[in-house]
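Once you scroll down, you'll see the structures, which are given as structure tokens.
Two complexes, one shared chain (subunit A), two partners (subunit B, subunit C).
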Partner chain A sequence: MKYQSQAVAKPYFIFALILFAGQILFGLILGLQYVVGDFLFPEIPFNVARMVHTNLLIVWLLFGFMGATYWLVPEEAQTELHSPLLAKVLFWVFAVAGTLTILGYLSVDYATLADLTYNNLLPTMGREFLEQPTITKIGIAVVAVGFLYNVGVTALKGRKTVVNIVLMTGLFGLVVLWLFAFYNPSNLTLDKYFWWFVVHLWVEGVWELIMGAILAYILIKLTGVDREVIEKWLYVIIAMALISGIIGTGHHFFWIGPPEYWLWLGSVFSALEPLPFFMMVLFAFNMVKRRRRNHPNKAALLWALGTSVMAFLGAGVWGFLHTLAPVNYYTHGSQITAAHGHMAFYGAYVMIVLTIISYAMPIMRGRPYGNSATAQAMEIWGFWLMTLSMVCITLFLTGAGVLQVWLQRMPDAGEALSFMATQDRIALFYWMRLVAGAFFMGGLVVYLGSFLIKGEAPEPALEGAAARA
Partner chain B sequence: MAERFTKSMARNIYLGGSVFFVLLFLALTLDTQVRAMPERDNRELITEAVAKGKEVWEHNNCVGCHTIMGEGAYFAPELANVFDRRGGGDSATFRAYLGAWMKAMPTKVPGRRQMPQFNLTEKEVDALAAFLEWTSKIDDNNWPPNIEG
Partner chain C sequence: MTRPRYLPGDLAVWLLILAELAVFALLFVGFAVARAFDPATFAAGRAELHPGVGLASTLSLIVASYLVATATVGYRRGRDGTAVRLWLALLVSLAYTLGKLWEYGQLYGAGYHLGSDTFFMFYFFLTFFHFLHVVVGQGVLLALARKARRPWQDDRDTNAMESGACYWHMVDLVWLALFPLLYVVA
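Here is the complex of A and B:
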């Protein structure tokens, strides 16, 4: 660890992983409710479990991004963090607020929670992914602004690398776009239009900047390739991300009210959205091929390569499958959307956070070259179990979705099966998805277990000086 | 990448490209919201009941199981067109249907998906019905493909 204050990242990473485990637990509950409809009813109805599942995902990824930022911004800027104390205080504020929100979801029914938190004063609740009570949303905004201030001052007082500039741009966008979460007009179409300013412009916009910056940092560290080369790639990738992704928002405007020209704009630009992810694959594999050192942390390198491939498959390929308007007319809001959502989030954002954790956590635990060979082997087992399980989840949901479209969407009115009749017919795919989900949980347990193994990777004999550089 | 393609060229594409597309997106948003939407969403028909109905919708996290215009959870049926599917496009029929449905929940059929009992007042059911009726009339490029949603 080059700067002591980088260590504030540690609690962020640990808490992120705890929430990750919670997210997967609730994912299994949901998977079971899909086939055993009354499982845990009325104690934990589907909508509550789903809120917990998706909100935990968003919150733990935010913890992961913050941890990544606290870790790499000081190192890139070559200076200590502006205020480690502020970082610690904000950690506890965010952790307590997040935990209370989840407990609120689980302990009272949603309407009561809305009343208890005075949702009527500034109604923002009850919209997908933005279910948090308004007070929690304000808390997230406050934490985010404090965080941005802290790392912003740090970045500005030190060396201004492209990695830091891109990361800060992404985080700034994340915070600004969050403000649209507070806009909730009575007009549903207006509400939906600007709701996408948070949801789409996060995951298909500024989050790609964050992902790109973290990936670039990791590749600099693991491959020793010249920073100039890596930064050029990073610029090209984020250029493509924003050029395709901003107007690509239009693929969400097809069927929620906006005019027909969005059918064309959304189709054309979102068809380009796989490009930045494809570039990330080329980038990661090229840099590894041209590496000037063999870093002993093999697990981190696997995560870095894995995230590029899985993000391309999940966000790129599975996104493209149903993004053209004539296709999306039939697939919109079906299990195909769910398939895409699962692999895209896992490939792009779960895996990039696990990449930086894999690299940074050993260093923070006094193992500068990575974990012991045994621990790395176990982590790599976790990688493959989780990743292959997610591939299966995606394939099974895709199967369910294709069948759903065939039975419920394609036939004419009189012939089409109803929603619930269709669900019964595709139950086998949901069972298989549940089994794959259980394997994912197994993979997560193996992954978390790898943290318990002691020992560290030895300093590479010949390359010691290079690996430290 | 070839040496002729320099880092500053890459940066300029990024900066120029993103500024251009942000501005284009804002211009399109302005056109969509100011020119096109008032005709497509019938906003003059958003009565107090419709607005109240959206609050009821949000207050009970309906989107946590259902989709509305294809967005939400995929556990329960699409509701942007439920006015046509269950009410046959008639306000009184739909209101009666929705009231009876909300009272009958949960069905408690073993193993079947269950909808909670939300204990809505008569006025809240009225509002929810008005909201779903208004929603069904938004011009959404003729989605969904058929009545089943």
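Here is the complex of A and C:
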């Protein structure tokens, strides 16, 4: 660790992983509720479990991004963090607020939660993924601004690298776009517009910048390829992400009331959205091919390559599958969407956070060259178990989705099966998805278990200085 | 002066150019498909445009591209006059900018907009998207012209000049496809 203040990333990473485990637990509950409808009812109804599952995902990824930022901004800027104390205070504020929110979801019904948190003063609740009580949303905004100030001052006072500039741009966008979560127009179409300005422009806009910056940083560290080369790739990737992603928001506007031209714009621009992800695959594999050192942390390298491939498959290919308006007319809101959502979030954002954790955590735990061979082997087992399980979840949900479209959406009026009759027909896919989900949980347990193994990777004989750089 | 074969400009800019061309190519394909479905609307829409202005825009971009190309070659060989040529290119390209704004004004005044019909959706989106690229290109020319003012040095970097010129030619090339597609081909 080059700068002591980088260590503030540690609690962020640990808490992120705890929430990750919670997210997967609720994923399993949901998977079971798909086939055993009254499982845990009325204690944890489906809508509540789903809210907890998705909200935990978003919050733990935010913890991961913050940890990654606290880790890499000081190192890139070559200076200590502006205020480690502020970072620690904000950690506790965010952790307590997040935990209370989840407990709120689970302990009282949603309407009561809205009353208890004075939602009527500034109504923002009730929208998918943005279900947090207004007070929590304000808390997130305050934490985000404090965080941005802290790392922004750090980045400005030190060396200005492309990685830091791209990362800061992404984070700035993340914070600004969050503000749309507070605007809740009564016109449903307008409401959806602003909702997508948060949801889409996060995951298909600014988060891609964050992912690209973290990936670039990791590749600089692990491969030793010239920073200039990596930065050039990063520029092209983010340019492509923004060119395709911003107008690509239109693929969400197809059936919600806006003018017809969005069918064209949304289709054309989102058809290009796989490109930046494909470039990330080329980028990662090219840099590894041209590497100037063999970094002993093999697990981190595997995560870095894995995230590029899985993001391309999940966000790129599975997104493209149903993004063209004539296709989306039938597939909208089906299990195909769920398949895409699962693999895209896992491939792009879960894996990039696990990549930086895999690289940074051993260093923060006094193992500058990575964990011991045994721990790395276990982590790699976790990687494959989780990744292959996610591939299976995606394939099973795709199968369910295709069948759903075939039975429920394609036939003429009067001949189509009802929603519930269709669900019965595709139950087998849901059972298989549940089994794959259980394997995913197994993979997560193995992954978390790898943190318990002691020992560290030895200093490489010939390249000690290079690997440390 | 002979040089080994090499890629003028930066590889990153070339990737960007390819990506941009892919965007326009997809939109052109979309245009062709939509026109095949509804030729009457497209013919009616085309009749409302101003081909004279379109032609003037085309000429202005071609002349500007010529000036940029000769400026780049001159810069590479250490000749004087690079900055002047770039300023001139910028000036000439303004004819395109003004022409486009005038036509937008005319059409908007006549009640046409992005949502009028499929033809005008493509017309406004394609030309405005291209217009934004021209404006960025004009900014690039401005930056290059200022850079070229600095005293000539043997070890100067031609990369920026070539990269900027490549981008400008891409913008020009797209218009050369757009002009016949929107204004001419029946």
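In this text, the second predicted complex is superposed on the first by the 469 of 469 C-alpha atoms of A that agree within 3 Å, B and C clash if a C-alpha of one lies under 4 Å from a C-alpha of the other, contacts with A are read in each partner's own complex, and residues count from 1 in each chain.
One rule holds in what follows: contacts are C-beta pairs under 8 Å (C-beta built on N, C-alpha and C of every residue); 3 or more make two chains touch, one makes a residue touch a chain.
All values derive from a computational prediction rather than experimental measurement.
J.: Just to be sure I read the superposition right, which of the two partners does A:I243 touch: subunit B = first, subunit C = second, or both, or neither?
T.: A:I243 sits against subunit B and subunit C alike.
J.: Which partner does A:A271 reach: the first (subunit B), the second (subunit C), both, or neither?
T.: Only subunit C is touched by A:A271; subunit B is not.
J.: Which partner does A:P411 contact after superposing on A: first (subunit B), second (subunit C), both, neither?
T.: first
J.: First (subunit B), second (subunit C), both or neither: which does A:P259 touch?
T.: The answer is both, since A:P259 touches subunit B and subunit C.
J.: Which one hits more subunit A residues, subunit B or subunit C?
T.: After superposing on chain A, more of subunit A is contacted by B.
J.: Is A:W233 in contact with subunit B, with subunit C, with both, or with neither (first, second, both, neither)?
T.: both
J.: Taking the stated contact definition, name every residue in subunit A that is touched by subunit B in one complex and by subunit C in the other, in rising order.
T.: Common to the two interfaces on subunit A: residues 232-233, 235-236, 239, 243, 259-260, 265.
J.: Could you pull out which subunit A residues touch subunit B in their complex?
T.: 33-34, 36-38, 41-42, 45-48, 50-51, 109-111, 114, 119, 123, 125-128, 131, 162, 184, 186-193, 228, 231-233, 235-236, 238-239, 242-243, 246-247, 249, 253-260, 262-263, 265, 329-330, 332-335, 337-338, 408-413, 416-420, 422-423
J.: Enumerate the contact residues on subunit A facing subunit C in the complex.
T.: Of all residues in subunit A, those touching subunit C are 232-233, 235-236, 239-240, 243-244, 259-261, 264-265, 267-269, 271-272, 275, 279.
J.: Quick one: which bits of subunit B touch subunit A in the complex? Just the residue numbers, please.
T.: Subunit B reaches subunit A through residues 1, 5-7, 10-11, 13-14, 17-18, 21-22, 24-25, 28-29, 32-33, 36-37, 40-41, 43, 46, 50-51, 54-55, 57-65, 67-78, 106, 108-114, 116, 118, 131, 135, 138-141, 143-149.
J.: Sort out for me which residues of subunit C touch subunit A in the complex.
T.: Where subunit C meets subunit A, its residues are 10-12, 15-16, 19-20, 22-23, 26-27, 30, 34, 114-115, 118, 121-122, 125.
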